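Below are two complexes that have subunit A in common, paired first with subunit B and then with subunit C.
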Partner chain A sequence: MIGAVVRRRAGRWALNGAAALALAYILLPLIFVVWLAFFRQEIPSFPPEGYSLKWFAAILDQRKFVDGFSLSFQVGVIATLAGLALGVPAALCLDRFNFRFRGPFSNLLLMPLVVPGVVLGTAMYVFHVEVENGLDVDVIGTFYALVCGHIVIIIPWVVRLVTASLAGLDRTTEEAAQNLGANRWITFWRVTLPAIRPGMVAGALFGFVASFGNLEMSLFLVGPGRTTLPIVILQYLEWKIDPTIAAVSVIQILLIGTVMLITDRYVKLARVV
Partner chain B sequence: MARLDIRNLAKRYGDFYAVRDVSLQIADGEFLVLLGPSGCGKTTTLRMVAGFIEPSAGHVALGGSDVTRLPPWKRNAGMVFQSYALFPHMTVAQNVAFGLEMRKLPKVDIDKRVEEALALVRLGGYGARLPRQLSGGQQQRVALARALAIRPDVLLLDEPLSNLDAKLRQEVRVEIRELQRQLGLTTVMVTHDQEEALTMADRLVVMNEGSVCQVGSQRDLYERPATRFVAGFVGRSTFLAGTVEAPGRFQTDGGLNLACSGGAPGRAVLSLRPERVEIAATPLSGLDNRLSGAVEFVSYLGSLTDIHVRLSPADRLVVQVANREGGLAPDVGQTVHVGWPASAGQVFNE
Partner chain C sequence: MTLVIDQRPRSNGLTATALLAPATIFVAICLLAPLAILFRYSLNDFVAAKKMMVEAVTVANYIRFFTDPYYTAILWTTVRISITVTAVCLVLGFPLAYVVARTQSRFKHLLIILIVLPLFVGNAVRAAGWMTVFGSKGFLNATLMGLGLIDKPLEIMFTEKAVVIGIIAVNLPFMVLSLQSVIEGIDRAVEEAAFSLGAPPLTMFRRVLWPLALPGILSGTILTFILAMNAYATPFLLGGPLFKMMAPLVYNQFTQQTNWPFGGAIAFILMAVTLTLTVAANLIFQRRSAR
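Our next item is the complex of A and B:
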């Protein structure tokens, strides 16, 4: 009797301990980065000699960080919107219709999550070269080529999360709407769309984050004077290791964290993902 | 409200007929129930009336005008779904208002009619709630209010009570029936529950394997079932297999010679209602058929008791007796006497 209680309690402790360990493993680097961003000295060393906000000011002094941030943001937003426009109909088709190659097609849409970014980037680069040679138009290193690349990594997130929310949709509610006088279009807007909205929001959010932080694929797609924030960070780190990068990371963490918190207010992310 | 005409309606999937040549006329204000086991085509028929399934052949006319080729949103049919199909992201009032918005009614009229519809199903004051905050029975009433608010030409009920618990189901049966009478609603309900069908319908349609077996009142179906299937599906029957030797003479496979009414010579089954058979501890008199046998099984059902009596190695009969003070309460193995008039049995030729 007592043995069972002790065993159960020990089990709970072990479980909580494992969870705490995993959480620490994820959070510790973040905590250090945030701490580092406020160090006064240029070469990071412990213990800090003092604290300062000068690295945050330093970001704004360097155009490449501001430009990189702005480019990453623009690409992320445009690619996310395009990813929604393509991914939502794709998820609807996969859910509604039974067609030949439905399984392979569904896997294909999730592929970009599995294929390494370097492979994806190389493939796209080669493709862009071919298109440029074949059609005689500028493709390599253009803004739209970059956006197109990012759409590819956003689509799987949208498809996956919208498909998940479609599974929770009671199809008879659509029939009920039609029975009450709504045609297919109105039924979609008034009944189907509200049901998959959480999936769309979550898919867009994760897609945006994936796009914003993407380094490997983007390396192949950027052009001269047009670099995304992760690439700017990488290039900076090749020459310097001062806490500017930590400050940039803190801003990124804050931005993404804020977006997630706001989203969570409208759509409970834990329920979708 | 309007009359509903279904003419030669059929639905075929490849070689399989889900519905085969169904014709029904439902009068203005009539409550018709489609009854049958699952897969008999009753729901397919209802969905063809609603417009969700396109018929392979035949016509559906509402109030005299042919709606066969109209999409669901152009037919004025109000449907209550088995799962209720309430819009989960809309409040109760928004759910009920949906059909009225589609009809582009002015806001004031919508509010008024939503209120009326909710009052009708005794849910006044629940307008601001979300469907998930309501009990199953309340959700069912919202679904009904939503279907009624559009003032449909015909009300279609697809197993509307099957998700309610037994006690509530009995109350809601009466409630829907009263509402239907009060509003004079032309109604078609689909159910596999014969008790539900018997208590609610003006007229019943028994379906099996895509076809209509019989149309009639409760009494018609019970007293004069047209086929063996109806005899077995509506109420209970014992079927004794055998042969009609000559009109009025039936011999069971177990060798019993019985008096029956009608039947053409040849293979047949004799169907007997369990409560039409007399049973006693002592020999019976004055009945066309008098037999005895051993009690094999007894099941006590509260107001009734079922007694299974072995008449011959091949023939077992179920007899139902009302449980009264001093009534027969035989034990298993005891010999009892049973009997019935020739008119109590019905013969179905095979």
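Our next item is the complex of A and C:
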């Protein structure tokens, strides 16, 4: 009997140990990036010769990081707003109505999540070439082309999360509102909208984060002198790794961590990823 | 006999169209049309001497890929790495997913944020972390040499090992989240019942937990596999210039070689192979579990 208890306790420890190992594996690269950002010497050699905060100040001297951050942020915000404007009504329609080809329409809107980033990028690039040649307007490498690409990858997040929050909504509340004399608009504004707000917030935040971190697709959509932060980081790392790039990464980690904490207040992260 | 009736009202045509059309049209123009054009390009000819695309309808690009050992080797490397990564992710991910699903701790949501955060930080940043660990003066080599276990640095950076280690870390959160959501839905009492009937933990796992968690295992492995097949930043940064996988190859054909038809063909081969393997694995898996 005691043997069984000991064995079960040992099993629990082994399980927790294995889980801790996996979590450490996931977090290891982030831990090292953060550590490197505080090194005093420029070369990432161990053990560090000392610690310093100077690399954070050094970021501001390198225009490309500041510009990259500002472009990524602008694109993310504009594309997220557009993604909400397009995605929320679509999610409402997919949840509320039954019509032919409902499945295919829903799959189409979720498709950008499964098409590889590199394929998205190349396809959009050749499309921009065709449009530019056909209509004689500037498309390739423009800000708006980049935003359109990002809207495409934000829509599926909005549709998914808003649909999920609609599924949990009790329809009788809406019927009650209508029985009490509210028309469809008032019902929407006063009943439906508040109920799906968490889904909208979560969809917007996830869409923003997906856009902000997007690398593969954006590689084909950026133009000269107009580069998003992840691409600036990639191009820098191709050349060298030093505490400056680590400091840039730390700021990105902090920003995204904050967004995650805010999102977590609205929806259970585990349900939506 | 019960009938499941979809209670959604038949569409009130105008409202439904007004709600759905904008998003659909946008995605059709910005995604479907580009994919169609890319596919059309993949059937074009390319004159290497002039670096020019010539209009044609030919499958030469697809044939070239499958007949040139250089390219089939890249495809094979990509598939091999993806399978390895997926298997390791399943083994490493299951215990963590189980613990997260079953924990009563009030810090559970923080645990989940810790798992999700790296997903959104971006692959380039995580590659930077591995570069710090694996570099010739990096943490691993400095520690091992400091302990006197090795005399000269191990060469991990710019090898397949580094790429595999890097992609596992990238994909592990997806596997954990897929498994965790399914395990959470399995009633604890089922496990307790197995234990009280005298099943040792491993038997309980094999006969109860594994079959019940199968949908999550399936979706997790499929997601991990697809992501590994499409990996770009990790092989690019950790594999170095000579190491090739499919996604960097597509990029290279487009930007360095400016061979759009061939790059387009590789893009569609990548998608087709991924889809075929995913569907095949799905069928085998379902037949096995049906038996």
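By definition in this document, the second predicted complex is superposed on the first by the 246 of 273 C-alpha atoms of A that agree within 3 Å, B and C clash if a C-alpha of one lies under 4 Å from a C-alpha of the other, contacts with A are read in each partner's own complex, and residues count from 1 in each chain.
Going forward, a contact is a pair of C-beta atoms (placed from the backbone, for glycine too) under 8 Å apart; a residue touches a chain by one contact, two chains touch by 3 or more.
Here the structure is a predicted model, which means the values were calculated and not measured.
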item	value
Overlay on subunit A: subunit C relative to subunit B, clash or fit	fit
Comparing the two partners subunit B and subunit C, which touches a greater set of residues in subunit A	C
Partner chain(s) touched by A:Gly76 [first = subunit B, second = subunit C, both, neither]	neither
Subunit B versus subunit C as contact partner of A:Asn183, first or second or both or neither	first
Partner chain(s) touched by A:Thr173 [first = subunit B, second = subunit C, both, neither]	first
Partner chain(s) touched by A:Ala19 [first = subunit B, second = subunit C, both, neither]	second
Which of subunit B and subunit C A:Val119 touches, first, second, both or neither	second
A:Val191 touches, of subunit B and subunit C: first, second, both or neither?	first
Smallest distance from any CA atom of subunit C to any CA atom of subunit B, in Å, after fitting	11
Touching residues on subunit B, where the partner in the complex is subunit A	50-52, 71-73, 77-79, 81-83, 85-89, 98-99, 102-103, 146-147, 150
For the subunit A and subunit B complex, residues of the former touching the latter	170, 172-173, 175-183, 186, 190-191, 194-195
Touch list for subunit C against partner subunit A, complex	6, 8-12, 15-16, 18-20, 22-24, 26-28, 30-35, 37-38, 41, 92-93, 95-96, 98-100, 109, 111-133, 135, 137-139, 142-143, 166, 168-169, 172-174, 176-177, 180-181, 184, 201, 226, 229-230, 232-233, 236-237, 247, 250-251, 254, 260, 263-264, 267-268, 270-271, 274
Subunit C partner contacts - residues on subunit A that touch it in the complex	8, 11, 15-16, 18-19, 21-23, 25-33, 35-36, 43-47, 85-87, 89-90, 92-99, 105, 108-109, 111-112, 114-120, 122-127, 130, 148-149, 151-152, 155, 159, 209-210, 213, 215-216, 219-220, 230, 233-234, 237-238, 241, 245-246, 249, 252-253, 256-257, 259-261, 264, 268-271, 273
